[in-house]
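Shared between the two complexes below is subunit A, which pairs with subunit B and subunit C, respectively.
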Partner chain A sequence: MQFLQATIIGVSLGAQYALLALGFTLIFGILGVVNFAHGGFYMLGGYVAYSCVAYVGLPFPLAVLIAVLATAALGWVFELFLLERLVDDHLATLMLTLGLYLVITTGAMSAFGPLSMDFRFPVGGSLHVGTLYLPWQNLIVLGVCLAAIGALWLVLFRTDLGRGLRALADDRAVAMAQGLRPKLLFPMAFALATGLAGLTGALVTPILSLSPGVGDPVLATSFLTVILGGLGSLEGAALAAFVVGLVEAFSSVYFGGSIGALVLFVLVLLILVFRPTGLLGRTVRGA
Partner chain B sequence: MKSTLLAAAMMALPVSAFAQNCEMKIGAMGPMSGGAAQWGLAMLSATELAAAEVNQTGGVKIDGKMCKVVVVPYDSKYTADGAAAGANALAAQDIHLIIGPVGAPEATGIKPVAARNDQIAWNASYARNALETKYPLMFHIGPGPGGWADPIIKRAMKEWKFSSVALVAPNDQGGTDTAIVDAETYRANGIKTTEEYYQRGTTNFEPIVTRILASNPDVVDTASSPPGDAGVIIKQLRLAGFKGPIGRLGGPGTAEILRVSGGLDVVQNFYWFETIPTGNPKIPEIDNLYRKLLGKDPVGGSAVWADLPAARLTLKAVQIAGTDDAQKVAAVLRTLPVEDPNIGQGRWGGKKQFGIAQELEFPFGIGIIKDGKDLGVTQQDPAAE
Partner chain C sequence: MHNKPALFGWPELISVLVLAAGFFVPMYTRSVLVYSILNQAFIGVIAAQSVWIMLRMNLLSFASPAFMAMGGYTVAIAGQHDITNALILVPAAFLIPALTSIPLGAMVLRLRGTYFVLVTFVLSQILQLLLFETPGLTGGSNGISGIPPVTLFDMEFGSNKMVLKFACGLAILATIITGVVTRWFRQPFAAIEENEVLAESLGLVVWRYKALGFMVSAGVAGLAGYSLVNMLLTAHPTSFESGSAVDFIAYTIIGGRATILGPLLGTGILVYATNLFGTHGQYAQGLYGVLIILVVLVARGGLTGLVQALLRTVIRRKA
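== the complex of A and B ==
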């Protein structure tokens, strides 16, 4: 039974990590930018949803939708007016995204204070089958995460926008020669990724907790996942997210919280030793 | 005649004008971000209040000049390196007196650095070596778990019948130092005890909750887990179907725990160590005093009240010593009786546990929530030395 419980937890964690990692790797794959503000967008998604529920009285699903739109809009504006000018300067983009993260966290700290908010998921209780349990909120978040992953796949692989974004990721020079416009597509890619981070934050922070520091571990987990999956690889990020979720769940359940964290890092280390490009990564980025 | 007129003019100046002649900076240190932020911000609020009280009466006299007390905060992030860096950063601003830090890793980090910088520091940690004879400028806001764990466990055993407990805490010194003493005390009371540790920074405790519940404990105790972590653990324990009481033989933070976990309806049965007997009506008056003097709300809940006597005593010692030199202030501090206008009478302790009687000990509180009802906090004297 413990095995099944660990599997349920691992899949649930994996779906959340996948949403975060897909956004993170999308930005790297298409723009070649490591987005250090990714955790900030997660946290911001939580605060926007919280504000909509607590101060405006909106229903939770609408608050989540507004959080997605708000984080996507901020990502779009940030890319268009700041990042775009220096998009090929890796150090400058690193400093810009890190700076944005500090601005977001300090802004949240000033507006809401350093302590956790009273932000609750609207659905409580758990589904119990024998000794197994599955909180309804986890089930709903899992469903939304899987639907979002599916929607992202449709956008990227079944629309002109997706084809354009993937072409820019494969080889920017050739894609531009074919008439694709990075100045139009880069902000859209950034907005798509930050919207995903905002969606995860709006869904997950009421299940865990919401305070200005909740973005820190998100950045670490996203980084770990995309490195394991192969920087820039969407399929790799999705696969690695579920690997990380399952390893985290099984190692913590069977070995405890201390050794569990160690197992995950040892596994990532070993994979990178024997496969430096990650699970599904390529040797060279085309963009 | 001229000098008489000058003296009269000086007398006519408002008190605050004397305080503007110079500034005496005092540090307030602790985690001011992350899951333990409440504890560090409490240290800051307590120091701000003590400074405001002194400034209201004209400030402190340093080398014959009346000086305004200015509080300089430092976020030591519940880490040893954070506290060590903080001591240096404050020393660079000529600060000799630090109210804080909070956690055991911070206490470990600050001790040698503050000693080298000739700084007084007041740690509020539950470290087993919170004080050491080789660091005589270190003072302690106590008592530690050795002083309060036993009476709380005995009270909990009266409220609920239980024979086993699972303790859960971070796997660093801040977590283990408290959890080990808690575990020894539970065992001494005949309770079967298991310990479960997690990496600080963990955000989702579901795997750990699953592991804890596999041992089928009657009680789960969140020990010195930061309040934010404890709230998530309790929420996830209840979602997993755990119905037993939940203990907290660790730091304060019940308000934050209730906020994160979902409130009294979720927590249901809970017993905890409260650093101060909050049932005493003079103690919550501290918050009103803070609002009156500083024009805003204090941050940190009951921990503000527990930290305040250390800040007040330190500034009183500065007044008497007439300097902020750490050695001279420490010498005065050791001779001061332990009493606080809001908290009441206390004592200097720590000789038995640490070999040095520089621990500030006041009565503490035992809080109980039963069947979703907050039964309040009752006063309890710390165990005798």
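== the complex of A and C ==
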């Protein structure tokens, strides 16, 4: 029974990580940018949703939607006006996103203070199946995450926008020769990814916690997942997210402490050094 | 392969002189606040120099907290065994991280650009977790406290004044090491910074210089760890959080990466600015963020670059 419970926790963690990692890897695959601000957008999503519920009195689903739009808009503006100028300089873009992360975190801290917010998921209780107790909030988050992953898949593989984005990720020069415009598509890709981070933040922070520091572990987990899956690979990121979720769930149930994280990080170190293309082993983008 | 350059230039000399002024501070003030700011600055300068050495080869490293922890814990563990002599501990705090960096470097120096950044980030996360998971050696989440103060000959560096002097001495030592190494290997480092592939194809044994730079950078970070542990008299995992790498990178980038004056100026100004926020030191991070964005967008040379450009304009106008 413990095994089943851990599996379900792992899958639900995996779905959250997948949303974060897909956005992160999308940005790297298409723009070649390592987004150090990814955890910041997650945190910001949480705060926007919290503000909508606590100060404006909006229903939670609407608050989540606004959080997605707000984080996507910020991502769009940031890419268009700042990142775009230096998009091919890897270290410069990395520093820019790092700078943005510090600004977002400090902004949240000045507006809301350093302490955790009292932000609760609106649905309580749990589903009883035999001796299993599955909290409704986790099931709802799992459902929304899976739906978002499905929607992202549809956008990327069934629309012209998605085809354009994937073409730019594959080979920018050829894609541009075919008439695709990076200046138009890059901000959209960035906004799509930061919107996903905002969505995850809005959904998950009411269950876990909401404070200005919550972005740090999110960034570390996104790194882990994305490197494990191969930087820039969408399928790899999705697969790796569930591996990371399950390893975390099982190690916390059976071993406790941070052994699980340690094992994952060492694994990631070895993968980075000996197989930078990740689990699925497809070359995505040169360093 | 390359002409042997002068081992010390103006920037190095100015850095050492500015730092040496720290020895005279206790003659003028006993203010705990001044001592604390200066201690932070001395530690920050050393850590920023460790970042700077790697930046000379266009490698942005997040690993400095990991090597700081190695240096710091070496001193803490030695202190538990009543070894406090600086003549033993200074070399140990430098050599243990430097030697550890050899096998680590063999693995991570194969990577460049973004991948190097990621791998060093992962490295410092691993070390942070290891500190928690090895309570037998490192005291785990309790850390190691009650470390005896440093001794040198018959002096004991226990009082505030002496801790400051010791931190000052370590910062000068680190600056001399950093200065000599980056001067001596200026050409190969610059060749790697400009274009590593080209340098290699022209016959430069690139891995040798990268490994050497990584080793010295690790050793220098170890000295920063020593200074930090000596100031706090405890070694705790939270003192070496991987996030603190961001501060040292900020010091270096904002100060400017062209000369050794960059890390010094960046650290000095940012540590001072952080203390202006008083008890709200965490807000300083926002200032770092804005400054990093500004430097990357409009002043690639950082503060030292700006000063240089300004001087050049003034000189040109006079001529």
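Convention: the second predicted complex is superposed on the first by the 267 of 287 C-alpha atoms of A that agree within 3 Å, B and C clash if a C-alpha of one lies under 4 Å from a C-alpha of the other, contacts with A are read in each partner's own complex, and residues count from 1 in each chain.
Here is the rule we go by: a residue touches a chain if its C-beta (ideal position, glycine included) is under 8 Å from a C-beta of that chain, and two chains touch if they have at least 3 such contacts.
Remember, predicted model here, so these are calculated numbers, not experimental data.
Upon superposition of the two complexes on subunit A, a steric clash is found between subunit B and subunit C. Of the two partner chains placed around the shared chain by superposition, subunit B is the only one that A:V214 touches, whereas subunit C remains out of contact. Of the two partner chains placed by superposition, subunit B and subunit C are both touched by A:S258. In the superposed pair of complexes, A:M109 makes contact with subunit B and with subunit C alike. After overlaying the two complexes on the shared chain, residue contacts for A:D118 are found with subunit B alone; subunit C is out of touch. After overlaying the two complexes on the shared chain, residue contacts for A:L94 are found with subunit C alone; subunit B is out of touch. Of the two partner chains placed by superposition, A:V11 touches none, neither subunit B nor subunit C.
In the superposition on chain A, A:P135 contacts subunit B only, with no contact to subunit C. Touch criterion met: A:V34 reaches subunit C, while subunit B stays clear of it. Within the three-chain overlay, subunit B meets subunit C in a clash at only one of the listed stretches 113-121, 149-157 or 221-229, and that stretch is 113-121. Of the residues of subunit A, those at positions 109, 114, 216, 257-258, 261 touch subunit B in one of the two structures and subunit C in the other. Contact residues on subunit B toward subunit A in their complex (touch as defined above): 32-35, 37-38, 41, 171, 196-199, 201-204, 206-208, 210-211, 214, 228, 231-232, 239-241, 256, 259-260, 262-263, 299. Taken in their complex, subunit A has these residues touching subunit B: 2, 5-6, 9, 12-13, 109, 113-118, 120, 124-126, 128, 133, 135, 137, 208-209, 211-214, 216-217, 248-254, 256-258, 260-261. If you check the complex, the residues on subunit A that touch subunit C are 28, 32, 34, 82, 85-86, 90-92, 94-96, 98-103, 105-107, 109-110, 114, 216, 220, 223-224, 227, 231, 257-259, 261-262, 265-266, 268-269, 272-273, 276, 287.
Those residues of subunit C lying in contact with subunit A across their complex are 58, 60, 107-108, 110-119, 121-123, 125-126, 129-130, 132-133, 243, 246, 249, 253, 282-283, 285-293, 295-297.
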